[in-house]
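Residue numbering begins at 1 within each chain, and the chains themselves are lettered A, B, C and D in the order written.
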Amino acid sequence: MQKRKRRIPVSGRSITLIIIIALVFGVISIIKGELFYSLTNISNVFSNLSYDLLLACGMTFVLILGGIDLSVGSVLAFVGIVITMLLNRGLNVALAIVIGLAVAVLAGAINGVIVSKFNVAPFVATLAMMSSLRGACYVLTSGFFVVGLPDSYVAIGRGYTLGIPNKIIISIAIMIFLGIISTRSRVFKQMFYVGQNANAAYLSGISSARTIILGYAMCSLLAGVAAILMTSSFAMGQASFGTGFEMRAIAAAVIGGASMNGGEGNFVGTALGVILVALVNNVFIMFNGSPNWSTAISGIMLLVAVAFDLIRTRKRGESV
Amino acid sequence: MKKLFAILLALVMVMPMAACGGSGNGNAGGTSNAGDSIEEELYSMIVFTKGAEYFNWCYAGMRDAAVTIGSHISVELQGPAEWDASLEARSVEQVLAKKPNGVVVSCADEATLVPVINKAVEGGTPVICFDSDSPDSDRLAYVGTNNFDFGAVAGKAIVEAIGTEGEVAIILVPGAVSMEERAQGCVDYLAEHAPNIKVSYLNDEGDVAKAEQVTSALLQSNPAIKAVFSTHGYGAPGAAAAARNLNKTDDVTIIGSDYDSATIELLKAGDVDGTVIDDPYLLGYQAFMLVYAAAHPTEVQSGNPPFGHVPAIIYGNCSLLTGDVLEDPAAAAKYENPPKI
Amino acid sequence: MKKKNENILKVFSKINLHYLVLTFLIIVMAISMSMHSRYFLTITNIEVMVNTFIMEAIMALGMTMVIISGGTDISVSGVLPFTAIIFAKLMLQNVPIIVAMLVALAASGVIGLINNELRRILKIHPMVVTMAVQLTLRGLNLAITNGSVISGFSAGFQKISEFRLFGLSVPILVYIILAVVFYVFSKNHKSFLSVYFVGGNKEASAFSGMNTECVLRWVFIINALLAGLAGILSTTVYNSASYSFGQNAEMRVITAVAIGGTSLTHGGNGSIAGTLLGTLFMALIYNSFVMSGISTYYQDVFTGAMLIIAVLLSEGTRIVKEKSFKQALGDS
Amino acid sequence: MSLLEIKNISKSFGSNKVLSNISIFLEKGEIHSFIGENGAGKSTLMKIIGGIYQADSGQFLINGKEVHMQNPMDAFREGIGIVHQELSVADNMTVAQNVFVNREPTNALGFIKWKQLNEDTVTEFKKIGIDIKPDTLVKTLSVGMQQVVEIVKVLSRDVKILILDEPTSALSDKEISNLFELLLKLKESGTLVIFISHKLKEIKQISDRVSVLRDGNFIGTLEKDEMEESTIIRMMVGREIDNLYPPKAKSRDGEIVLETRRLTRNEKYLDVSLKIKKGEITGMFGLVGSGRTEFAYSLFGADGVDGGEILLNGRPVRLKSPKMAIRYGIGYLSEDRKRTGLFVGMDVKDNVVASSLDFIMAKLGFLDDKKSEQVTEEYIGQLEIRPSNCSSLTVRSLSGGNQQKVLLAKWLAAKPEVLIVDEPTRGVDVGAKCKIHSILRALADSGIAIIMISSELPEILGLSDQVAVMHEGRLITVLENDGLTEETVLAHAFLKGGDNQ
């Protein structure tokens, strides 16, 4: 059974989540019937998740490294604006996307360098990046929407392939990629080592700095992809995109079993976390909950979710 | 090492200070022939959620009005990016420390800015409220739109589109007074003209993506929804996207608010069926004229000094903008080329 | 022995260097601003400058304590409006002001307690816990006010905002007192020393017979109390209470603390003195941007840059040390 | 009537029983040692006496009356002081603050009297013949000194019962002898000293009686005259262990793998020229702070070099990082397994492959899971890591000895040419110790060059073929180990070392 444990990166937490989600689905289907069976609805639920999903997965990298990235929301907005502005100036779509992603990676790399080389608390480093980039967004647009994007670009977010929204295809593709990475990749493995014990990792010949930088770069890269999906499906770039997403992403990742102390986390869990949060919000709307309460819900959600850790940590506490 | 840090810091500090040369002060660009002898005057516009396109239009109006007076007038746009009344009150205070000749402000809520507005007026700085009023304060005048009428226009549009049956969703950010008034106005109109229509509310936290999520969630769970009214600019694009995902663009009537460029595009594409507009540019323009008048009292005899016979409360009118209007390039021109700030 | 002395010097020089440069910057800024605007060095503007950051300043004191103890508290931006609202609602019920204040403060204290208990029981990083609490509170605030602002207090109440002592408004007076108390305690008091210990090595402190959980509990409670106090003061200043108060306050506060050289990486390192400087610095930045009329859009960019540079500075000596791995181990 | 009476103390964590019915009498004014393999329950017992854990059943009697200790504070009130195995000083604070933590001299309002605090600290240190700046930040002290601070912290309370849990593991011999003098003084003054160590020699030297624990059971107590190493070991491991150390290298003419020429790191060590031969174990003896670990760091690329050169198989190499060193076939088993060795939260397999990820790659940066599985199983078998099915257990859940074996496995997996082991048997019980020694010898025989850093002279003499003595950053001498005696080595270490000062 050890084999199974290793092959599929499913933590005990993930199983709990699957059960919960299944329950919620079941209850809804019983109460409201047909709804959650229709394919469009499911696919639509997921296509709405794609942004959160990407950001949360990116956040998982950083959390595994024992860090945190507050800047993802701003990166999303900034990349979105860079791309849309370039397109607006008539730049070739592919090129604009490449540049956009490059910017994203750069932002992440800077975070990584500041954290690893200069040993600055990730919270502070990324907080700085967060406010800088958000400011930059407004400097560039002074608040105006960036519109007038070529259809070929808009198609990325709006289009369908084989009747499936591109957003979903792209997210799934990325999830598969991450899945492979998380089972086999050496670099990914090294992230766990670094997150667990940076000094030991260094003395084991793992260059912590490089790993950390890579992790943050990955995180921002995924935020960049999210930016592409968002700007293309709304056919606009906007300075306030992604405000407050970082908190949602962290929440989802933590719900999914990532630990703030590093060395723990997996994408399946994170994905489930994202789904759970979205599901709860949907249910909330479905039963016409007062909009005034919707903010509070997410907070309580997070609390309930981290409460899952209680059992696990208790277990751990014993084997001192 | 340490030296390096110090130098680095000093540089970063001094650069923007050097750059200060009034870069931000949208100096009213005109030729300076007028203003040699006349002393410089500064008028500040203070808003909440600075960077919202709506306020950019207001500011554009103010700036252009200033140009008509002369190049010795400079104007500036200030205020927090957050929807936080206390932060806005602070920036008003900070602006006052610069002794501006006048201030026009759109209040995040009607109570929180009262003390600071009164302080300003006592201190001899005229204050005009625009867009969102603070009626209990000593502000000299208010230029704005009656948000209830605004909502009513939306209600009318909806009834015309879906008739007197079905359900309607209203997107708002709870606590945003102007939005809640617009929603109320819409609800009142429906209650009067189409009592059978049921209304439910959605909170999109003023975020497009969130708007998409909540709207599609609602459209799924409740197929009876025939129309969506967004009480602010970002809601309509979100709702449109949701409808698109569910292939309901044609079955669901989407009424937006304001004419930000995204909404305009969607109008032309037919994804959004109409948007209720007032004239932020005009608001800004009038607000400036009033504050300038207040700063330069005239001899005009009237019951309402210093504004002559201009009423102290001006309501701009609001109307429905639809796609077909935009087919006329002349009409479309204004909306398609937002002012640069 | 010689080596040790050098290290000690290093550590001291580090502290001084940071504060020196910070002070230097503050002066540079002040000078360049006063050259740029003739209104900058006026009494009014200085008062305004203080007023505009006073709430964060008060919260920064508590936050410093939390961060030194090895934690973070995101929930302050939820506690501030929460307390303000409770206070305001009570005032409208014509509850005597003192009672209203005490009740409101108690409420905020309870939130602090909840923060700590959740952290303790769930064994989760305080940041996540307080983040959740913050979200919940902000939602709660919205729900109990239905988003409408609370105002219309008795004329007597409004007097508070006009009260002046030596020309100083109530919040400023409160802050001065708090700042002095915190400074003195952080330097010389047993209680604050134990906060440093817990932040430095929790297990060791426990082995030394220190009730670490009790220490942390009070740290979180006091921090929440300060946020609550800020809420009450906001209500008196603006004569109203709204759920919208204090948005993103936690970020501004943490930024001020971090600029002050308190390390979020290594608990037990930092000082109130640094926070006082950091706070002043932030207030100066916010004021300067309005004064200079630079589009405030640049403000975030600038603050971000400053934050990084300041922290790099405080970690500066560490970077040097990094070169020698032995000491790098010592740091971690 | 005995000062401390332990009556049928039992304790279990979750399912596994760590202590079962321990009953011992401890007398006033004696030095009573406890010995036993890791996981025998010594530390747990001490933590219970110290009030950090609570026993499930059983009772303590001090001077005949029962006491209940819910937390360290209660223990202090009963006059029990405990020096912990793992450092428990706050390194962000000054020496004085650490010594008087939580009982600083304060005025009525709880404000601290710094002057008195510092003076008291100085006097406390004077007692053990060390003078120190009380306002020194602890993080700037050597590990040894930090341990001393720890001890002084406890001594400064007037303790009736003093517990020292492996106090000497980080101390230099000089500091140890100081400590022992002090312990004898305390004994005279009627204090009960409970002493825990893995070093039989120390135990024989210092203690009046020694009690042996095995797997949570009390085996027996030996009087001073019956303390034979063999007896003690038999009681500890429950079997005979003849011949503690494996035989020396068969031949000493292996070619030189690693050579340093006048290697220098400022403020750390100076002009170290050393030749390391294939198939030999080079013991490196020196006190903490003699520059030996720093030297190792340089050889492993973890720390820079300011002068001289390193030759690997005759070719000079610049080692910029451990990564590089590993590529060159150099391994370094660090002295502090928890902080710089293992990833205690991850499973054994992950730990074993940690430094050899490059070798178990399939293709395109992907890991070969099967292979790493094999590797792990192989070393679990070879090093007898227990439990034998541990490859997917977290290292945290293993005993100290087995953790150390995992750490060793990590380096074996990396297939080094030169393996530097720093204190390979620190805090490891006799059984595991022998195993590790024989493994090291086996490795040497298989042609690996081994550098063993240790402050345990018997270990050095017992295992190594040549002994390099370092003192205050200088390589005093390199001796071929043909029947070397401790006296000779120490003579070099101190007398010659003395000249250099």
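Everything that follows uses one rule, which is that a contact is a pair of C-beta atoms (placed from the backbone, for glycine too) under 8 Å apart; a residue touches a chain by one contact, two chains touch by 3 or more.
Treat the numbers as computed from the prediction; the structure is a model and nothing was measured.
Counted by C-beta pairs in contact, the busier of C-D and B-C is B-C. Among the remaining chains, D is positioned farthest from chain B, on the basis of C-alpha centroids. Chain B and chain D have CA centres that are 70 Å apart.
Averaged C-alpha coordinates put the centre of chain A at 44 Å from the centre of chain D.
Between chain B and chain C, the centres computed from C-alpha atoms are 33 Å apart. Counting only residues that touch two or more partner chains, chain A has 138, 142, 199, 202, 290, 292, 294-295.
Contact with two or more other chains is made by residues 142, 146-147, 295, 297-298, 300, 302, 305, 312, 319, 325, 329, 331-332 of chain C. The multi-chain contact residues of chain D, meaning those touching 2 or more other chains, are 302, 339-340. Across the whole structure, chains are in contact as follows: A-B, A-C, A-D, B-C, C-D. If you check the complex, the residues on chain A that touch chain B are 32, 35, 40-41, 44-45, 47-48, 51, 138, 142-145, 147-148, 158, 165, 230, 233-236, 238-244, 278, 281-282, 285-286, 288, 290-292, 294-295. The residues of chain B lying in touch with chain A in their complex are 50-53, 55-56, 81, 172, 174, 200-203, 205-209, 212-214, 216-218, 220-222, 234, 237-238, 241, 244-247, 260-262, 264-265, 338, 340-341. The touching residues of chain C, when paired with chain A in their complex, are 72, 118, 121-125, 127-129, 131-140, 142-143, 146-147, 251, 254-255, 258, 263-265, 295, 297-305, 307-308, 311-312, 315, 318-319, 322, 325, 328-329, 331-332. On chain C, the positions that touch chain B within their shared complex are 13, 17, 21, 24-25, 28-29, 32-33, 36-37, 39, 42, 44-45, 48-49, 51-52, 55, 142, 145-152, 158, 161, 234, 237-240, 242-248, 286-288, 290-298, 300, 302, 305-306, 309, 312-313, 316, 319-320. Partner chain A is touched in their complex by these residues of chain D: 13-14, 300, 302, 321-323, 325-327, 332, 334, 339-346, 350, 354-355, 357-358, 361-362, 365-367, 369, 391-392, 394, 396-397, 410, 414.
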